[in-house]
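Take a look at the structures below.
Two complexes, one shared chain (chain A), two partners (chain B, chain C).
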Partner chain A sequence: MLAYALLAGVIFGLYFSLVGMGLNLVFGVMRIVNLAHGDVLMLGAFAAFWLFNLLGLPPLAAAPIVFVVAVAIGWPLYFLFVPRLLRARDPEMLSIIFFFGLSQVVVALATIAFGTNERSIPGRVLGSGPVHILGQSYPAAWVVSGAVSAAAVVLVTLYLYRTRLGTTTRAVMVHREEALATGIDVHRVSAIAFGVGLGLAAVAGVFAPFMMGSVRPAMGADINITSFTVIVIGSLGNPLGTVLGGIVYGIALMVMQSYFSSWANLLPYLLLIGILLIRPTGLLGRTLRHA
Partner chain B sequence: MRSALVTVAVVVAAAALLPLAYANQLLLFNFVVFLTLAQGVNIIYGFTGYLPFGYVGFFGAGAYGFSLAVMHLHLAPLPALACAAAAAVLLGLLLTPLLRLSGAYFAIANLAASQAMLQIVSNPNLTDITKGPYGVSLSGVFSPNLSYGVAVAILAATLAVMVFLRHSRFGLALQAIREDPVTAGMAGIDVVRGRTVAWLLSALVAGSIGGVFAWYVSVFYPETVFSPEFSIFAIVFALFGGIATITGPILGVLILYGIYNAIGISAPQYFQLIYGMLIMGLVLFLPNGIVSLFKRWGFDVP
Partner chain C sequence: MLRKSLGALCAILVCFSGLARAAEAPKEIKIGTLYASSGNYAGVSMAQYSGLKIWIDRKNAEGGVFVKPFNRKIPIRLIAYDDQSNTATAATLYNQLITQDKVDILAADFGSVLTSVAVPIARDHHMLLIDQTGSGATFFSKDNPYIVLTSLPVSSVWPKYLAGFLTQEGPKLGIKRVAMLYATNDFNGTQAATLRDAIKAAKGAVELVYDNGVPTNTTSYTVTINTIAATNPDAVVALGYVNNDIAFLRNLQDSGIRFKWLFTIYPGLETEAVEKNVGAKGLEHVFTYVPSSVVAYRPEFGLSLSEFRAAWESRFPDGKVEFGFNSVAGYTTGLVLEKALASTDSLDQLALRKAIVGLSGKLKTIDGAFELDGATGAQVGEAQPLGQVELDEHGHLRFVTVYPPELATGKPVYPAP
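What follows is the complex of A and B.
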């Protein structure tokens, strides 16, 4: 049972790192808190649902389409709102409130468009029968979702560490003004990171019907808490730390569900508060924040 | 000072006298609750800059403090209200380490704390103590008129605290901390004490009104009194009107909660849409609230 829980924790952990990755990328590059992150994920989930039911498109084919659409939406959204927010006196705080407003608009529009019914996609479209790993067997949908998440994490790593765009993105993360002074087109780099952040959330949404049960317009709020827990464990502003955070969170969740199922819902909150109090910069955090 | 006192007197008198002229007492009660909560948010957010995304945790702690005192200790409502306030202040003390966090970290940790409270209170394993997810019924102490009166008294006390904060050295010290904690500390202000007092004060406000809420409705579920909507509404009302002022949150509640009652109940998703757009517009174009408009036009608002 422990081996089952640990391995399931790793599979879910990989998925949770994908869930948190986009939020962390946006925070790292722009120092703004995208409270509509969970709602973008919800939109991705509904896109996968409709693409499957109307066009018969399987989620694996839907994922790249959803990603491209999300990036295409994120780009103008950045130029419309973010530079204005960054000029404010306290961008971090104002962004929380602003994106909360955006999240309300998204949830309201989704409720008007889709209704409040819960939707789901049958797990068999990701492969039939259980998959055996190290003597344990898991639903194929879990394994495929975990594998896609791992692939997405690898792609993000390549984007950040193996391309010129990634180098400039990391420069903006370290110091926005100095990056501007060295001639980096900060707004272009940030807009791409913003789009990629939304895209990652939407791709995570495509697999949400398999990993989080059913899909409904108001699901974003809970996902936000999960994402924050994951990225705070791994360190805010460090996209690759998210993977560590996701796996720690996934294993903790699976072990709690196996042994203390009635208290498992409490876990993300306690983990989040505990880690913030003990190590406010997360497990991989290096620099200390002042006052 | 005088215009502030006049504003407070008008609001309290209106809250106290309107039930004689208007039959929907529950609606008026909800207005009183949100007027109080918005000022409670104002104390901690307006004067110290900490955004309490989980403010409802104190409200729920007050409601359950009241209910547990009535159910298990068989106290009369007024002593039970003291337990409600004590429960919220105790929770506030427990959460003071969160004040070490800043900005978004604090807001998120506070939100998580309030959700953790809900998970604990509504856990089926605690049914013997809190009635778990099945909700609390206090029909034995049900007394709408008396509890309404007490709620107005709490609103009056909260507004009095706000007048004090606006016109005292302590309130100025808090605003100095909000603007720049390091400089404030250099100027001889005890930063930690100031923040802690403001935090506990806002907990006391929310806990007291939460206790009265439990008394007034007397039948409720954990999700009712820990609903994140209380935090969000209170924060948005305060921001919409203008924080760190007395009139701002009052105007915010009257306008936005008024709109909510006009259209929000029959078509919640359209209200949510309007509401979300209002918030976005507010942050982008009027970050200091409606009151800043009056100031721009040359009126002095308390």
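What follows is the complex of A and C.
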């Protein structure tokens, strides 16, 4: 039972790495908190649902489409809103308020458009029957979702560490003003990161029907709490810390569900409090050096 | 002179009595309620709210609802706010309906969670709470006259036939080991407690080999299903809300694990929503309650199931709110109010309660026989037999009632192939 829970935790954790990755990338580059992150995920889930039901497009084909559309939407959204937020005296607080409002609008519009009912895509479209790993059986939909999440994490890593754009992105993450002073087009880099952040959330949404049972317009709030837990465990502003955060969260959740199921919903909050008390910078965080 | 004065006095008295009568009869009956357009309970809450609206629309189209104390029909005004499935918001809005809007009738939102906050508020304000589907047993006590449950039985009554089947028929079929999983809320927790007590009372006929709760917002059950399977149960009872049941049944289907006997609540209650998400094949052989949205009771008052279904599809053709038991529940609330207003002595809250309690055993609606425990206000009628979902030759769902024997329409399939 423990082995099953641990391996399930890794698969689930990989998925939650993807869920948190976009939020952390946006925070790392722009120092803004996107409280509409869960709602972008929800929109991605509904996009996958409609692409499957109207065009018969399976999630694996829908994922790249949804990603490109989200990036394309993120680009103008960045220029419309983010520079204004960044000019404020306290951009982090203002972004929380702004994106909270945006989240409410998105949920209301989605409710009007899609109704309030649960929606999902049959698990068989990602493979029929269970998949056997190390002597344990897991739903094929879980394994595929976990594998896609791992692939997305690898691609983000390559983008950040193996491309010129990634190098400039990391430079902006370290110090926005210094990056600007060295001639980096900070807004272009940030706009791409913002779009990629939304794209990652939307791709996570494509696989949400398989990992979360079903999707509905109001699911974003719960996703936000989990995403924040994952990125705080890993390290705020460090996208790769998100992977560790996701796996720690996934394993802890599955072990709790196996042995103390009634208490499982306390887990995000317990982990958040624990990490903030013991290691406020997160597991991969570095102590800040003040000049 | 005297005759003139008497005439004037009579005229004044007639005039005043007319004015007094006009002042007594309200221009409208204000019904206050809440609904959730978003959040965990949105789908079911909107179905219940829409069912109530159908009744109100029909009555207003007829010129209003007949109110006995005024001996005439009075139009209904619905005052409804969106609590977004949030209990804190709901508490504020229930207060607003009572203290600001001064509604004549207060109806609760869907289910035990959103009703729980209304119970003390209504009691404190001496306002009768028309509890539509909040069936938590703790809501009902002899010292609180300000609540009546209209549209489904109190939670402790729900598993009556489920427990009866497992403890009486189960051992005959070879069911000895029962696993029970429940969402930790009043609705499911009360049912779990009733079933647990029934199994204990059966004195070893069956045993509980798994008995655990999960948070109501649980959406991932794969690990839990594996844990349950490890206990090698003959029967599995999973008690949750519709989102729990959808996630559980989907995860079960994907996991490749098959339970020999499985019960969940919502395949019967919200059949369309569950079928859309799980698929007909995923529901085959699943046991469930057979509610009034499936059983065509012969109503003695109000629309029949087919007529109500037609009215629903005409009113909500876009399908954004799905038809199910909670649609029937909302409409039933309206029928109970209609009957009560037609027999109450006044609009006083305790008089209304007396009128509603007076309907007990005399009212048969689309929802079955209305029977109240007069001491607590809990619904003890409208019982839901145990059924099993089967597929017909076209792959469509059909419900086979398997227990109690007097209502049974077929034999249970055990073990599920």
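Keep in mind that, in the parts below, the second predicted complex is superposed on the first by the 287 of 291 C-alpha atoms of A that agree within 3 Å, B and C clash if a C-alpha of one lies under 4 Å from a C-alpha of the other, contacts with A are read in each partner's own complex, and residues count from 1 in each chain.
In the analysis below, a residue touches a chain if its C-beta (ideal position, glycine included) is under 8 Å from a C-beta of that chain, and two chains touch if they have at least 3 such contacts.
Since we're looking at a predicted model, the values are computed, not measured.
K.L.:
Clash or fit: chain B and chain C on chain A?
P.N.:
clash
K.L.:
Quick check for you: in the superposed arrangement, does A:Met254 touch first (chain B), second (chain C), both or neither?
P.N.:
So A:Met254 only meets chain C here.
K.L.:
Please work out whether A:Phe98 is in contact with chain B alone, chain C alone, both, or neither, and reply first, second, both or neither.
P.N.:
A:Phe98: touches chain B, not chain C.
K.L.:
Regarding the shared-chain residue A:Thr111, is it in contact with chain B (first), chain C (second), both, or neither?
P.N.:
In the superposition, A:Thr111 touches chain B and chain C alike.
K.L.:
Quick one: classify A:Asn265 as touching chain B (first), chain C (second), both or neither.
P.N.:
Touch status of A:Asn265: both partners.
K.L.:
Tell me the contact category for A:Pro122 with respect to chain B and chain C: first, second, both or neither.
P.N.:
Only chain C is touched by A:Pro122; chain B is not.
K.L.:
Pick one for A:Tyr161: touches chain B only (first), chain C only (second), both, or neither.
P.N.:
neither
K.L.:
So the two structures are superposed on chain A. Out of 3-11, 21-29 or 39-47, which stretch of chain B collides with chain C?
P.N.:
The listed stretch with clashing C-alpha atoms is 21-29.
K.L.:
Do chain B and chain C land on any of the same chain A residues, and which?
P.N.:
Overlap of chain B and chain C footprints on chain A: residues 107-108, 111, 262, 265.
K.L.:
Help me check something: in the complex, which residues belonging to chain A touch chain C?
P.N.:
1, 4-5, 8, 12, 107-108, 111, 114-120, 122-123, 129-130, 137-142, 210-214, 216-218, 222, 253-254, 257-258, 261-262, 264-265
K.L.:
So in the complex, which bits of chain B are touching chain A?
P.N.:
My answer: residues 49, 51, 53, 97-98, 100-105, 107-109, 111-113, 115-116, 119-120, 123-125, 181-182, 228, 232, 235-236, 239, 269-270, 272-273, 275-280, 282-284, 287.
K.L.:
Using the touch definition from the top, list the residues of chain A that touch chain B in their complex.
P.N.:
Touch residues, chain A against chain B: 33, 81, 84-85, 88-90, 92-94, 96-98, 100-109, 111-112, 221, 225, 228-229, 232, 236, 262-263, 265-266, 268-270, 272-273, 276-277, 280, 289, 291.
K.L.:
Quick check on the complex: what are the chain C residues that touch chain A?
P.N.:
Its residues touching chain A are 36-40, 42-43, 45-46, 84-85, 181, 184, 212-215, 217-224, 226-227, 230, 242-243, 246-248, 250-251, 253-256, 273, 276-277, 279, 318-322.
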